[in-house]
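Below are structures written as structure tokens.
Shared between the two complexes below is subunit A, which pairs with subunit B and subunit C, respectively.
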Partner chain A sequence: MAEASQNDSPLSPDAFDLLHVERRVQSLSRPSLSYWQDAWIRLRANRRALISLYIVLGLLVFTLFGPLLWPVDPSAQDLDQISRPPGASRAAVIVDPYQPWDGKSFSPMQAPVQTGLRLAEPANAQAVRLLWDPMPGAAGYRIYRNIFPMNPGDALGLPLAETLTGADTTFEDRMDLRPRRYYYTIVALDGLGEETKAMEMLPVEVTRVITLEEAKERGLVGADAQLVPGNAVQLALHPLGTDYLGRDMLARLMYGARVSLFIGICAPFLFVLFGVVYGSASGFLGGRWDHLFMRFADFVIALPFLLFMILFKIAFGIGPGESGIMPMVVAMVMLSWPATARLVRGQILQIREEGYISASRLLGARTGYLVLRHMIPNTMGVILVTVTFAVPSAIFTEAFLSFIGMGVAPPTPSWGSMCNEGIKTMLTYPHELIFPAVFISITVLAFNLLGDGLRDALDARMRSRE
Partner chain B sequence: MWRYTLRRLIQGVITVWFIATATFIAMHNVPGDPLSSDKAVSEEIRANLEAKYGLDRPVTQQYLIYVKNLLRGDFGISFTQKNREVNDIIREHFPVSATLGILAIVFAGLGGVLWGALTALYRNRLPDIVIMFLVILGISVPSFVFAALGQLALVNLNDLLGISLLPVAGWGTVWHMLVPSLVLGLGTMAYLTRLMRSSMLEIISSDFVRTARAKGLPATQIFTRHQLRNAILPVVTVLGPSIAAITTGGFVVEMVFAIPGLGRYFVQAVQQLDYTVIMGTTVFYGAFLVFMVIVVDLLYGWIDPRVRLE
Partner chain C sequence: MSEVIPSNDNFTTSAGRQLLLFGLLAVAGIALLMIALSWATSLTSSTSGAVEGIDPATKTITLVLAEEPPQLNSTLATDQVSGMILGHLMEGLLRYDEHSQLTPGVAERWTIGEQEATFWLRDDARWSDGQAVTAHDFVFAWRTALDQANASEYAFILFPVKNAEAINNGKLPVEALGVTALDDRTLRVSLERPVAYFDKLVAFTTYFPIREDFYTATAGRYGADADTMIYNGPFALTRWVHGAHVRMEKNPYYWNSERVMIEVIDFPYVTTDPNASLNLFKDQKIAYTGLIEENLNEALVQRWHLHRFIDGSIFFMEFNHREGHPTANYHLRKAMQLALDPAELVYKVVKLPGYLPAESLFPIWLKGVEHNLRQEYPPPQVALDLQAAQRHLALAKEQLGVTELQPLVLLSGDNPLSNKQSEYYQATLKKRLGLDIRIDKQIFKQRLAKMTAGDFDMVLAGWGPDFDDPLTFGDLFASWNLNNRGRYANPELDAQVRIAQNSMDPRTRMDAFGEIQRILIEDAVVLMNYERGVVYVTDPRLKGLVRRAVGPDPDFTHVHIQEG
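And now, the complex of A and B:
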């Protein structure tokens, strides 16, 4: 039959040659864009998301390379500068080393007041030496110190000491003096030790001082510097001030960022990874296994998250010298994976029914190939968005736990624990609370906005209506 | 409907059992033991104490006793406070937390619905921009910072007015509750505002609103009867998670404002490692949250007839 048709046909094989090849008359095609290229273009068009991306990158640079530029130990204390707000004066006056006072020797003092309660010597952070005239009928005196100016009738502040006779009219205060203004009050006591109405008050401005040896030791001046008492030196610089233990805020914020961002990025990454494996296994196995897997996920999802974070944190415990970062990450992973697992399972079930999967299978693709080539790349967008939104909540969780004292162990700084410390001195030194709080807020804000942008760019179906 | 309720309740009970078991396992893996303290105690005293708290028995038996006691609603005796039952602690302090939480939910719900509806109506105009900026702030700032700022604002306000307008901390009167519950509700309020806005935008462009407008109904009536009622539905669905967020958020707010609620008690117990109190409050809170979620889900089915629960 085939032979017959060949013989009968007037067609020769060269009849099938092309007559002429038509060159492209016009071209409407652009270079094809991959999914990720398209998403990147869309993300770049979103200004808010782009700025957030820069902020996130900036934070990473801040925490990774900041300590190289600002190599200050975050746990080193500067006891001369405790709770200093940023921009505060750093000048200190060189003085002689402390000498005990016998209460009798006075250095020449050009004070305007030479009667009543007065300073025996210039007041400095080493000692405040007070001197007053005997009050008639006084059998002793009680000395108070206050850090606030007082109105009549107000409490006089901290009772420092009592003198035993009316003739004792000197007092030396060396107790935890800071460079600031103090209000000293002397109250005369009667024979029974009760306070009388006779009292005198003196505001004292305490100056910051440092001995020459100390200044040399800390490298504030050269080892061969010739300075005499009365000369001024500049103390160590703390651009963002110091905390209540005199630790540098900038260094602590940098190291705290390491902890907060490590937990905030590492934990979501790990639990999303686990959720992807669990969810795709469940979705792919299907049937009874799927049911069993998802029932377990339902139970884990029903656990109250923060309560169990606290519980697991206790259960893991923190040994001496440990920072407690890893237990927190582990606890977070153990509790947070089911949401991702559910999401991925849903995606896998959906994709499994798509035409291109059938087509691929028809062409002989194996299961492993299907999962790696089609399923995971197609869920990648959703997964990435999940990770981005999981970061701020992980940072919040870390901050919350550190704030109630269940987070990283001191002296490791984290933004949450810095807030916890800062809130105690909130009224007098607000910068100790404000800086870490601002960092937490900016980071969370940036990740939230970046997540919004990524969702819009990666997944047209989930596009927000804003 | 009844079958659905029953099924959810059974599921809830199993979940609570799961929570109780997980709590038990977690607490029995704590390094150290509940009786170790700074004071050295002799062997006999220690044995007596262990016998008193049942710690001398095998773990499986302890677990059975624990579950049996839980079934009777008995959470045991505090380790750090002599002869104080965990039940008493919960009975005494939970109402405080519940009051605070309910007020916070009310603030958050009313505020969220109101601001969300407002932003949708004034879409892309000044009120929308201002409120949405505040909302983003509300989502990004941790609750303890709000608590601290709220307290700071109170101090300054009282200073400025020269009188004690609102108490800075403590509990007792309505005036004590106002600022803490507002602070506690802020984060949720921001979240609900966002949700309400997108839901409202969807409703505004829906067919039935256009029909109502075409019928010539007054705008206020369309707003209250058609738009608001339908837009609220998604807000109701997230009330369950919101209750959880507000409950745990209460820990911090109660700490900062020195409110004698169960949350502050729980944090204290955690810091002092008071085993029975931790276990008792965790199980109690867990059960509470699980059943609140069920209640909210049932409520949703009742409010929205489109959700047919089989």
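And now, the complex of A and C:
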């Protein structure tokens, strides 16, 4: 009986006086922000997302403008610097061009004054020329090379060759010589080709060399430079090392990024766009149309990707040894959209029953306005999650297809194909695998975190929780 | 109140502790499960034989098989793995000994004339069910191999036998084949033409015997399983799980079983992955593994005793000489020949000791008249000469009437080495001659199909020897040879091949091979790449492993286990 008790109080004229004027019924405490401005503010507040955004932008700069700053041909092979890790010394000495050796001539400074196993000429990365005295009773010799010093009884290392007669007492080694210390051993063989106890060992320091012609050709010295053998020169710089054919890793990563990022961004963007249009149309129309649309999507899901990839390759007239990137994008776009379409349709079906949609409709909103203003922004979270998952999977698909020979054609690099090559030398030259793998990982992680941040930033419902 | 509800910090630490506890429990649980599972597997596998690479107690050696043999029917076998296994299971009239010399096999003695050859079989040669190996078994096997219905790819190797080619073409019945069993122990072979190397031929797989009653009883499944085969060699197949396991045990009926010093050769692993077999060897699960260049460092670090061996095959880049292919132009081929250096390929790209830069189609180990063929007939030297190469290229463009050549298609295999090699050629030919190369990477079968169809400009190909005579390489580019994939046709070369085939005089034959070698290099018919080598490591207790260029390789029939 609260009213009754109020009625009891006597009314006074004071009660009808104006206490104060409520002048500001409504005020804008903060500046008016559009949807996108608001999203940008929230994205900026998310440090992880912001860093990821910078990384993605950095990658774009790396691949688009990197080749301008580092104009090295990614398919040029530097056979003097095969599989070189980053930061290795690149000093080399100019020498005369390689001349075949008859096993008889000796350089004057190394005249055979010594006995035993010795060098016939100064050792360099072109060739190591060994010479030894005949051993009594030897019917031939086997030559070993090791990278460690050996104790008696140890394995002698890499067997390089056998000489067939005991009189053959010279050997020339040209097999993959690197600037380092090698330990050569010769073992005498008996008449049956079995090893005997007689052996000699020699440590050899190999220096890196280059001929003047090669140095000129590669632009290490001026074209008219008149260097004499013995002068030092610096070999071409490879900041991230070289791969198994002496190709510059940095240049290959830059060019490889073009393929990987093109596939990774272009294909998901296109098929998600199509999926959104298809799914929202299906969800919005509903009923029989929805049924028809979704059954067609089911049909597309059932189509095998690899088979279509091959069909497109043939339909596009892609011959052997040509790049299969375009059919790959087409096949991805044509076959990957149904997942997005299903997700978006589900969201739209849910949203179109919401109260604010009905209100908007009552206020006279048209279909296009409803879809673009209300429905799509509200499904943005789902769409972005799909994109962030699609980007790495597209990059991996490209890597896989390049591996089975349906993607990029050599010598064009892609990160995936570089990983596939690098994995073979993982134990010996890890940098060939690590760099492309790190780039793939960083890219995928950056896209994931950026997508995460974008979802939070674009989701209108997150606003109330601030 | 603060005693009852812990503050936020305390809650975090206790939750963290709980999480840590769960994590540890989970790890411990998984570890326990793994221990239990490995114990369970050891229970089941202990019955299936040795898990060690070498088991001196049971005289077992365990190895890895690169590929599953497609079948073990000796008339159909074409690949190296089948050849290796059949070399252990079967024995021909002649075989190769531990020094890779021809030695009597089933035949005790033989005579080979210009018109016919006679083989007298030993009477203690037995099949693995105890029955005697007779001359009829050879007659049956050779007829089967030549039968058109059998469609053997290696039928051509029997063509020196009288009427063989006509039978294989379906012009004569198989009974017309010039081979007869005079009695159970005597085999008479009539020859189509004088064959200087017939003794070497009969050691080849396709010449192995097959017993007719057993073959008919298998109803077309001969050689498809362990129980649809019968053996006359040092070993018998006791287990063959397709794609997973091959096991050979000593054949007690083999006439020379004293020379076989091990009881079991087991192949419980089938993989082509060199890293997988390296790891198996590291764990001492297998007694032998081949090494690839990428693994050499690891092998040095492990301080293994490495071996090196030239496996006899030669690899080359074959040109398509068919009309319409730019590679039919002599000057274009010559330009490429002068711009490429096999030594650079071997020493900088292949990087595996054992590989030799190839200078000629005839490998370095082939015998000539007295010494090695290559010593007696040194091949013409081709040196890198970029200026001459450019001149030839200009001539080629002029003759072809183009200013810029269309991209050339280089057909290549899909193994890592072919990849490296074709990418090396692509970059080198681009740099030195400005030629555009497109690499067509195909699996082995597809590559073979494309080679046969002539669907290439250049192809990376190789050839392994079938018998120990230069002719196994010498007739490759004869115009009638189906393995001449580029369809090179040169009457001058054909004439030399005819001489080498028909002459019985070693000097005349070797002269012909010298001519063939000269024509192949001077006309730049193919570009030589390398002679293939193998670097391998064996268990130090394994002794007597035989490697050979011709015949089954590797040969484990002579191995023994050295203890201590």
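Keep in mind that, in the parts below, the second predicted complex is superposed on the first by the 321 of 466 C-alpha atoms of A that agree within 3 Å, B and C clash if a C-alpha of one lies under 4 Å from a C-alpha of the other, contacts with A are read in each partner's own complex, and residues count from 1 in each chain.
We adopt the following convention: a contact is a pair of C-beta atoms (placed from the backbone, for glycine too) under 8 Å apart; a residue touches a chain by one contact, two chains touch by 3 or more.
What you see is a predicted model; the values in this text were computed from it and never measured.
Contacts of A:Ala45 after superposition: neither subunit B nor subunit C is touched.
When the two complexes are overlaid on their common chain A, residue A:Leu427 makes contact with subunit B and with subunit C alike.
In the superposition on chain A, A:Ala437 makes contact with subunit B only, not with subunit C. Of the two partner chains placed by the overlay, only subunit C lies in contact with A:Ala409; subunit B stays clear of it. Look at A:Leu64: by the touch rule set out above, it reaches neither subunit B nor subunit C. In the superposition on chain A, A:Ala359 contacts neither subunit B nor subunit C.
By the document's definition of touching, neither partner reaches A:Leu292: not subunit B, not subunit C. In the superposed model, A:Ala232 lies in contact with neither subunit B nor subunit C.
For the contact definition in use here, the residues of subunit A common to its subunit B contact set and its subunit C contact set are 319, 405, 427. Residue ranges on subunit B touching subunit A, taken from their complex, read 14-15, 18-19, 22-23, 26-27, 29-32, 136-137, 139-145, 148, 151-152, 155, 198, 201-202, 244, 247-248, 251-252, 255-256, 267, 270-271, 273, 278, 282, 285-286, 289-290, 293.
By the touch criterion given at the top, residues 75-77, 79, 82, 146-148, 154-161, 174-176, 192, 244-245, 319-322, 405, 409-411, 421, 424-425, 427-428 of subunit A touch subunit C in their complex.
Residues 99, 294-298, 300, 303-308, 343-344, 346-349, 351, 353-354, 407, 409-411, 414, 416, 419-420, 422-424, 426-428, 430-431, 437-442, 535 of subunit C are the ones that touch subunit A when the two sit in their complex.
Chain contact summary for the complex, subunit A toward subunit B: residues 299, 302-308, 310-312, 314-315, 317, 319, 392, 396, 399-400, 403-406, 416, 419-420, 423, 426-427, 430, 433, 437, 440-442, 444-445, 448-449, 464-466.
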